[in-house]
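Letters A, B and C mark the chains in the order given here, with residues in each chain numbered from 1 onward.
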Amino acid sequence: MYHWHWGIFLSPTGTGETYLGWLFSGLGLTVALGLVAWLLALVLGAAVGIARTVPNRVVRALAGAYVEVLRNVPLMVQLFTAYFVVPELLPPELGDAVKRMNPVAQQFLAAALCLGLYTSARIAEQVRSGIESLAGHQRSSALALGLTLPQAYRHVLLPLAFRIILPPLSSEFMTVFKNSAVASMIGLLELAAQGRQLVDYTSQPYEAFIAVTALYLALNLSALRVMRFVEAKTRVPGFATAK
Amino acid sequence: MYRFDFSILGGSTIPVLADGMLVTLEITATALAAGMLIGAALAILRGSRWRAAAWLAAAYVNLFRSVPLVMVLLWFFLVVPQLLQSALGLSPSVDVRMASALVAYSLFEAAYFSEIIRAGIASVPEGQMDAARALGMPRLLAMRLIVLPQALRNMAPMVLTQAIVLFQDTALVYVSALADFFGQAYGIGERSGRLVEMLLFAGAVYFAISFSLSLAARRLGQASPAVRGTASAAARG
Amino acid sequence: MRPILALLALALAVPALAEDLEGTLKKVKEHNLIVIGYRESSVPWSYLDGDQKVVGYSHEVALKIVDAIKAELKMPDLKLREIPINAQNRISLMQNGTIDLECNGTTNTSERRKQVAFSNTIAFTQTQLLTKKKSGIKEFEDIAGKTIAVTAGTTSEHYLRKYADEHKVKLNILATRDHSQGFLMLQTGRADAFFMDRDVLGSLLARAQDKADYVITGQPQTKEALACMLRKDDPQFKALVDRVIAKMQTSGEAAKMYDKWFMAPIPPDGVVLDAPLTKEMKELYKHPNDQSFD
């Protein structure tokens, strides 16, 4: 018969903290990882997404290759490659410097870069389809009015495209936090990893997992709340996504 | 400059890698089929007039879409196996790890497939259902014979895309004691000290398979804008 | 007279399992299957050889136990399934019934006895540091401020965290999935040292290409009694397992097996660990017991 013991969270871990403290430190890493990766993904994704719609064929092809490679290799394989392979392929001094770094910093860096790049490929696709759905009309009208291409992008296409893709972008934001759990595979003690630590150190797997799951749900809801706020603030009345 | 040495590939490692690939494919195929079936049931339930059922289905979908796959796998691997065995009446000669993995992936994917199917159903003009009801067909029969077949045709590219994502996600079974293609490749790399080569090799294989499948998905035709608009919101990572 | 005596001897020789089976033995009998958990790189206890097959000193103990089960339960066709496990999931997998027996390099501790049961001790070990000669780490205290690799879920990991807290020392603990990953961290320069059972360190070192660059050093921090792990509150199964181990040890079979794995060439590369039986081990073989060090 299973022995429930919810007080376990307040118990000391034997290393100077409480188990609840461990959980929250894991949550902190997850949130930090998600946010850093998201910012990276937005910047890169927007750039690559735009690159896929410009007239220049070479740029389009390069951007296309970027997206295809990042979307067709599992995130976990990319993460392991970033963490284990990349430092080996760098010039020796740089590679060694990376490997000498604080292990948590190494893991965080590899995870943030990897998650950022992976998500940027997906955002790039959304940006591209957003811009393309405006293709004919808006672009030719803008150009006809005498705007140069970059101006057309900046003042007309991008603002509208952004609002169009806000729904899939929101879901991408929430996905980033879910995908962050992969970082536990290279040893980063984020939320999922702390869940396993708790199971290992206490013998209360149910409490540990329920707590971790609840925290992920809370995180998800918060992310949703944030995106709803952004959607409300940027709504253009009468336009496609206005509710 | 790193000295590449791919000689580890060959001889005793090939059968091991092949075994891993079989596990990967088994999980992908099963989760695809079961996920679609459960997902369809969920999608239909959500449109049902019976409020409790609709609410439960929605809760299920939201729950599984809010947690990482890693957590679901850990739940089923570390905490649930015995429950599973008695619930499904499995004879214990069935490998419990594979059973938990299959159930975990199927239940997880079902939530995502249900969203795709809902979008697909929504893309079928309402007139079809109305006409069927007018002819005296019960809702479920109309669903099965009229609406779903058309919906499936519309959402085929999205389903294939999700299947590719599922194929890639099988790598996460690393958290359990089950060795899929990636798990075997990694293990060989770690034990032989040739991790760099094995990781690059694994990445290349996954890329080759996913890329070809995604080209096929694109060939399946551009989805109609209606489906793409609603369904892309449903698509996940 | 003779036949009666023979019959009596036979009757006495049949172990008390003529009574009702319970716990693990009942499960094994009902399903005609026993599941063993093995490790992939706990050399020489339990690990995968060049052909990806499980071998090792502890693993052979496990196989002997299975043979005994076959004999005593009269199940010659008992099916054996072997699953790879690691230090982090072994207890969970035992508790949830995925595995029935685990003979690898698991330490018997009072903490763990709250969740699982242990058999008679099969070996002793001590924990030390494996490090590159040029790292400058000689004494255990030298690890302060350094990055130490340790396998997740082991007594060594728990010990390191406690040590860092108790001695107020800054340590970067790199918890790895298994022993080979820990050694990989050391080899690639990510960790300054690898803290683990001396036998595991010795075997990893013996098989390394660049073994001259490494050294096992530092005052041994813990003494550990390694034993087979089984489910708690299962006296019948524990009695059987203990019987098998005790018989192996007192009959000299265990000593022979020990020599096979520690004094002779072992797979996959045929290295020799060259670690003769210690006085403690010889004592253990004479008087099998299941005492732990804590």
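Note that a contact is a pair of C-beta atoms (placed from the backbone, for glycine too) under 8 Å apart; a residue touches a chain by one contact, two chains touch by 3 or more.
The shown structure was predicted, so the numbers you read here are calculated from the model rather than taken from an experiment.
Participant: I need the chain pair with the most C-beta contacts, please.
Facilitator: Top of the contact-pair ranking: A-B.
Participant: So which chain is farthest from chain B, going by the mean of the CA atoms in each chain?
Facilitator: Chain centre farthest from chain B's centre: C.
Participant: Measuring centre to centre with CA averages, how many angstrom lie between chain B and chain C?
Facilitator: Once rounded, the distance between the two centres reads 38 Å.
Participant: Mind checking the centre-to-centre distance between chain A and chain C? Centres are C-alpha means, answer in whole Å.
Facilitator: Centres of chain A and chain C (C-alpha means) sit 41 Å apart.
Participant: Where the centres are mean C-alpha positions, what is the separation of chain A from chain B, in Å?
Facilitator: 21
Participant: Using the touch definition from the top, which residues of chain A touch two or more other chains?
Facilitator: 88, 196, 199, 205
Participant: Can you tell me which residues of chain B touch two or more of the remaining chains?
Facilitator: 78-79, 195
Participant: Which positions in chain C are in touch with at least two other chains?
Facilitator: 92
Participant: Give every residue of chain A touching chain B within the complex, in rising order.
Facilitator: Contacts found on chain A: 68-69, 71-78, 80-81, 84-85, 88-89, 119, 122, 126, 129, 133, 167-168, 171-172, 174-175, 178-182, 184-185, 192, 195-196, 199, 205-206, 209, 212-213, 216-217, 220-221.
Participant: Where on chain A is chain C touching in the complex?
Facilitator: 13-16, 87-88, 96, 99-100, 102-104, 106, 187, 196, 199-201, 203, 205
Participant: Flag every residue of chain B that touches chain C in the complex, lowest number first.
Facilitator: Checking each residue of chain B against chain C gives 12-13, 16, 77-82, 85, 91-93, 95-97, 176-177, 179, 187, 190-191, 193, 195.
Participant: Spell out the part of chain C that touches chain A in their complex, as residue ranges.
Facilitator: Listed in rising order, the residues of chain C that touch chain A are 88, 91-92, 95, 114-115, 147, 152-153, 158, 161-162, 164-165, 172-177, 188-191.
Participant: Under the definition above, what is the set of chain B residues touching chain A in their complex?
Facilitator: Interface residues on the chain B side: 2, 63, 66-71, 74-75, 78-79, 164, 168-169, 171-172, 174-175, 182, 186, 195-196, 199-200, 202-203, 206-207, 210-211, 214, 225, 228, 232-233, 235-237.
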